[in-house]
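Given below, in the form of structure tokens, are the structures.
You will see subunit A twice below: alongside subunit B first, and alongside subunit C after that.
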Partner chain A sequence: MRAIRTTFQTATVAVVLAAASGLATAEERGVTDTTIKIGNIGPFTGKAAIFNPLNYGSVAYMRYVNDLGGVYGRKFEIVLGDTACAEAKGIAAAKKMVHDEKVFMITVNPCSGVAMAAKPTFLQEGMIWSGVSANPKITGSVGSGGDGPPPEYMFHVTPNGYFSGVTMGKFIMTKPGAKKIALVAHTNDWARGYCDPAKDYIESQGGEVVLDTAMERGSTDATAQVLRIKSEGVDGVLGCLYQPELVVLLRDAHKYQLGAPVIGALGADFGQVVQQVGNPDAVNGVFFQGHLYKDKIGAPALEWAKQILLKYLTPDELPNEGDPTHFYYFGMMNGVGVVEGFRRAGRDLTRESYMAAIESMRSFDNNISAGSVTITDDQHVGISDMYFNGLDENGDEVIFTAYGQPLH
Partner chain B sequence: MKPTRSLFWLLPLAALALPLFINPYHQYVINLILVYVLVGVGFNIVVGNLGQLAFSNVAFFGIGAYASAIFTTQLGIPWWLTIIPAGLAGALAGCAASIPALRGVRLFYLAIMTLAFGELMRWTYIRTPFLTGGSMGLTVPPAELFGWVLETETQKFYVFLVIVVVIVVAVGRILESRIGRAFLAIKNDERAAAAMAIPTGRYFLLAFALSGFVVGVGGAMYAALVGHLSPEAFDLVQLILHFAIIMVGGLGSLVGSIFGAILITATPELFRDWPGFEELMFGIVIVLVILFLPRGLASLLARLHPVFKDRYLRDD
Partner chain C sequence: MLSLLPQLLVSGIAIGMLYALIGLSMTILYRATTVVNFGHGDLVMAGAYMVLIFTIHVSLPFIPALLLSLAALFGFGYLLHRAFIWPIIAGPHLSLAMMAIAIGYAVRGLVRLEYGSEMAKMPRPFEEQFFFAYNTVMTLDEITFCVVVVVMLIASYFVFSKTRFGRIVQAMFQTQRGAALVGINVRLYNNLIWGVGCALGALGGVMLGLILVLDPDAGVWTLLRGFAAMTLGGFGSLYGAVIGGLIIGVLEKVLGTYVSTAFIDITCYLVIIVVLLVRPRGLFGQHATLRI
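Up next, the complex of A and B:
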């Protein structure tokens, strides 16, 4: 009897040890000795496809790192997934990445609605997510637009809408004597993700949002909005609008001689807006927009990023004409932060080691953004500062640190 | 060979075993198909069976989804208890949407009025943030069934499957009954139907309410599946999807609504690995079906085997 018991105990210990050793050597999902599989999801089709340069910016940087030999000998295997910026389709993209592609992490994911809808999937599966979506509820915690601790495996190495909105508010409130502000916003979560924190900041500084008016997507006229704003005699206007509608607002603001600066959100490309407005008087010294980068797009400080974009993206992935627009740099900012996490995590890569590495980032200079990246275990939004673009009276682009205060 | 309808029961029975062979991604897509089966079945009642150009389906869908979500988030009612109220909310919206039709509005005028109803509802979701979360959207807690949280796609699948089977069978019975024949009579010739003492107004109201109920229940399932509702999910793109389901499946065909939902929901997923191609394929499928199968997939299936022909259309 004793012999049987001893044999049984020995066998049990052997099984447990074997299982433990199996666990110890088991590979992390999406990671091999030579590759790390990354899911890169975004709107490659549909009406929000203008945002997919964000995806390609991240792709370009990872291809560049691959060309240098990867991180600890592992190269990035990037799988693109289309969300069409629609919740149902976005969840399908996320689940495909998790269950079919078995990626290590999911990146970029513009479109807040999609990110919010897919968030339970990420949380349930313990999937690491590093996106650029604006909604503060995605990764925000107390102090970054959320109302609790940050989600365990989800973070931004870029700003979220909360910080972008707050900096829009900060910028307009640095205008001497600024008090009365108007908001013009789309009626979607993206726009409110900017305008709501801006409104809170303005009011916390003694300012007053005298008008918060809607401008629907697809609008080709802003007469009603501009005339209402004008009647309020405001000191500035925040336009939480996508590019086409921002152009319409600026044109009509000039047409009806609004006489107040218009601050655009990050859903538009500054250079393209100026070009599309097509009237220097409507933008010079009037139009400002949040600028995430340490200098002008095209300035020597960002030349390295431009060269990477031009070298590592295919003609289909680059703009049809002209240089890469600012969304590409925004996407690359995400790519640099994500790759830095892998560098810090070391050769023994697990989800835990990766998240520990990300949470160790303090004032990390990604060489692109105006603000540095700081992520802690209770703060998962990495960047909280940005500059602003504007044009001087000659139409030359100027980067401002505050209203009327140029960077150079 | 005499067609045997009982063969159809093999479909849900076979589906019961599906989760054994597929991963949660494929399971999610199948769950989405089940949602769109109800959307197609409901939409077809008004457009295909009653023959009215009424496009308020997205409104019913959104109202059902938001009703379920609001009951869950604001009142703390478990999801399974919100299914019928969501359907009733959809039915109520159906009654409201039928008012123009009851007042004699037809064809394109009815189309544009019902489209406007859908857009009005979207505006309402945006403008009532205290209820709907406004433009930021409304996050729905995980669905519950008798205190049991439906955490996985498989769990949702079994619940959805039961709901869909019950509703599809019930709608089938209704369409085969005197009510369904009255719908078809109105579709074929409204004046002749009235001359035969069919109370057309009552059947208009009934068709819209039934359509709203079915689509409303689909909305409740959508809320449980997606977990986050935003007004943009109920825009004109959604209507195009609904319309594609019944056009491709076959106007007025219950079988067509099911196969239309399968094809239209699955096609973009099949071509997901080729970004952009999925949109192209979606368009190509619709054009091909309309060109070569103007009565939809249902007509092709009926040609293959009479069992696929809807009973109420046998003499059509």
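Up next, the complex of A and C:
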């Protein structure tokens, strides 16, 4: 109830401010007296279309805010752009948003490769970007996976791969006696964005990454990886893998009786992985995955988000079967943070006032994520904490704050 | 580490059986028309998706769904050849290759329309089971692959060497014009053999669906393995495709374990490169020119 009340309080503030607002004086790109144009780009087609629920989660929240009157009387005009998760098409989509659509900002943008390829365009054009792509090189600065100051106008109101990787490392190192860890990762920027920070953290805590193995997209089995890991006698395995390959790894870990927990990255949906492995013995008490949210998907604390998704998305935008998956909530997390920036920026909206508002966020509770959002002028990645999903011996989902430590 | 070798051989042979099945289906197409179907991987995956549709959306039990899927892919292969390949059969082989690729992409696009935004899992006809012996483990899925491929290989051998249909296809492989001159309806037999090849490929897709989350793009992966098996075994050789598939399966496991896991994905490319350079006709291939 508290979560629903807080959400409605936020919404009510938005409506009141909307009613109080007069004519806007700003002539900012993508902003009129009654609208804010938002570019929402992502893989609506192509082999990574499974990630477009991230886009729709953000869309749902903005439609919800529009229904409440918008922010300071301005409603969001959302323009969808297809990147197909391909660099060339992503750059084209980004340029279209900048030059043709003249949007105020670009959001969501799953696919690290696309975000990295389009980043020079965003920087050159001063385009505000708030995305979910994991690669730490996108918005990271010293302390969040980058090696300098954060890029101007680009930020995450979600975690990036750096913090997700670090929390994977933290989780496995809380397992009593954990020392020897193995990594199984795709050979791409996305996977290294998780596994490299995890490796650094593990080694900083006195642990040892005894094996760092590759597993390519489309792999049908993980025999070589699992047998090598088993021969090393590891205490845990981090799988920086997308969903199909994570399923394969778990299946073969069980087949060859690996006997060590497997920690998955955020490129997979926990519930779907469990279902697709199809064998409780292969996942119960063995498989854990980073969990961005304050409670289980479907728990009362997140019911408000589910209701927004179901009300504001069309059947084509929702899953063919079942409830919205975690990617929708992840996208909504981005949407809530972006809208909060507009609320804080006030009526006189400019790129500068918006960025100042974003950089004013301290411990902002978005009502969805496990961690709160803090963004400063030298740290543009807002969330650094998350929980972990797992299954108990009965197969019931449990949220863990650390290895063996349930949230409830 | 040497103690892992028996397990690697068992697992390599099991996955190699899948490559063999896909290679076998490509070889059958090649035997009839001397065309390498570069869109074959997408038809393989289409077989798994057809079973998914028949089981989930039409609520059929697995076996009827499998049979309907094979029938559908047979029909698709038949019509594919009749409508798209036959009209340009006399043209340059590059055109045939491009047509096959285009059809594969079209099939992939159609699958993506419905399943592009989600990862589907094909229903299983039986529970996963494990069998342990001499420090090795084998799953019921892997045993199924082995049985299916052996049965298909025996059936193919019988059909191609002991039946009139097989002898006609052999004749067409040697010279289509000559076959036509002696009164063989080359177009009809080509249509039929494309149907058979697609159905067999679809069977490979269904086997893959037992162990994989379905992905519209997995066709590329299957095509590469099948092509590598066919190349190593020798273009046009049925048992060559099977042996080629088995060798690649074992090589992937052994190199992946003892050298680097990076080798798992590049083994098939290495095999294609080495065979084409060193022995272009493969282990058991006949002297027939591959035109693509």
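Worth a mention:
One rule holds in what follows: the second predicted complex is superposed on the first by the 382 of 408 C-alpha atoms of A that agree within 3 Å, B and C clash if a C-alpha of one lies under 4 Å from a C-alpha of the other, contacts with A are read in each partner's own complex, and residues count from 1 in each chain.
To be clear about the criterion, contacts are C-beta pairs under 8 Å (C-beta built on N, C-alpha and C of every residue); 3 or more make two chains touch, one makes a residue touch a chain.
This one's a predicted model, so the numbers in the text were calculated from it and none came from an experiment.
In the superposed pair of complexes, A:Val339 makes contact with neither subunit B nor subunit C. Looking at the shared chain after the overlay, A:Ile358 reaches neither subunit B nor subunit C.
In the superposition on chain A, contact of A:Ser231 is made with subunit C only, not with subunit B. Touch criterion not met for A:Val381: it reaches neither subunit B nor subunit C.
When the two structures are aligned on the shared chain, A:Thr187 is found in touch with subunit B and with subunit C.
In the superposition on chain A, contact is made by A:Ser219 with subunit C only, not with subunit B.
Residue contacts after overlaying the shared chain place A:Ala93 against subunit B, while subunit C stays out of touching range. When the two complexes are overlaid on their common chain A, residue A:Thr45 makes contact with subunit B and with subunit C alike.
Contact with neither subunit B nor subunit C is seen for A:Ile368 once the two complexes are overlaid on the shared chain. With the contact threshold set out at the top, residues 45-47, 187 of subunit A are in contact with subunit B in one structure and with subunit C in the other. Those residues of subunit A that touch subunit C in the complex are listed here as 45-47, 49-50, 52-53, 187, 213-216, 218-221, 223-225, 227-228, 231, 243-244, 247-248, 251, 255-256, 272, 275-276, 278-279, 319-320. Residues of subunit B touching subunit A in their complex: 23-26, 28-29, 32, 126, 134-137, 139, 142, 151, 153, 222, 225-233, 237, 268-269, 272, 275-276, 278-279. Taken in their complex, subunit A has these residues touching subunit B: 44-47, 80-82, 86-89, 91-93, 95-96, 98-100, 113, 116-117, 119-120, 124, 135, 137, 186-189, 191-193.
Of all the residues in subunit C, the ones that touch subunit A in their complex are 1, 4, 7-8, 11-12, 15, 18, 112, 114, 116-119, 121, 124, 128, 130, 137, 139, 208, 211-213, 215-218, 220-221, 252-253, 256-257, 260-262, 264-265.
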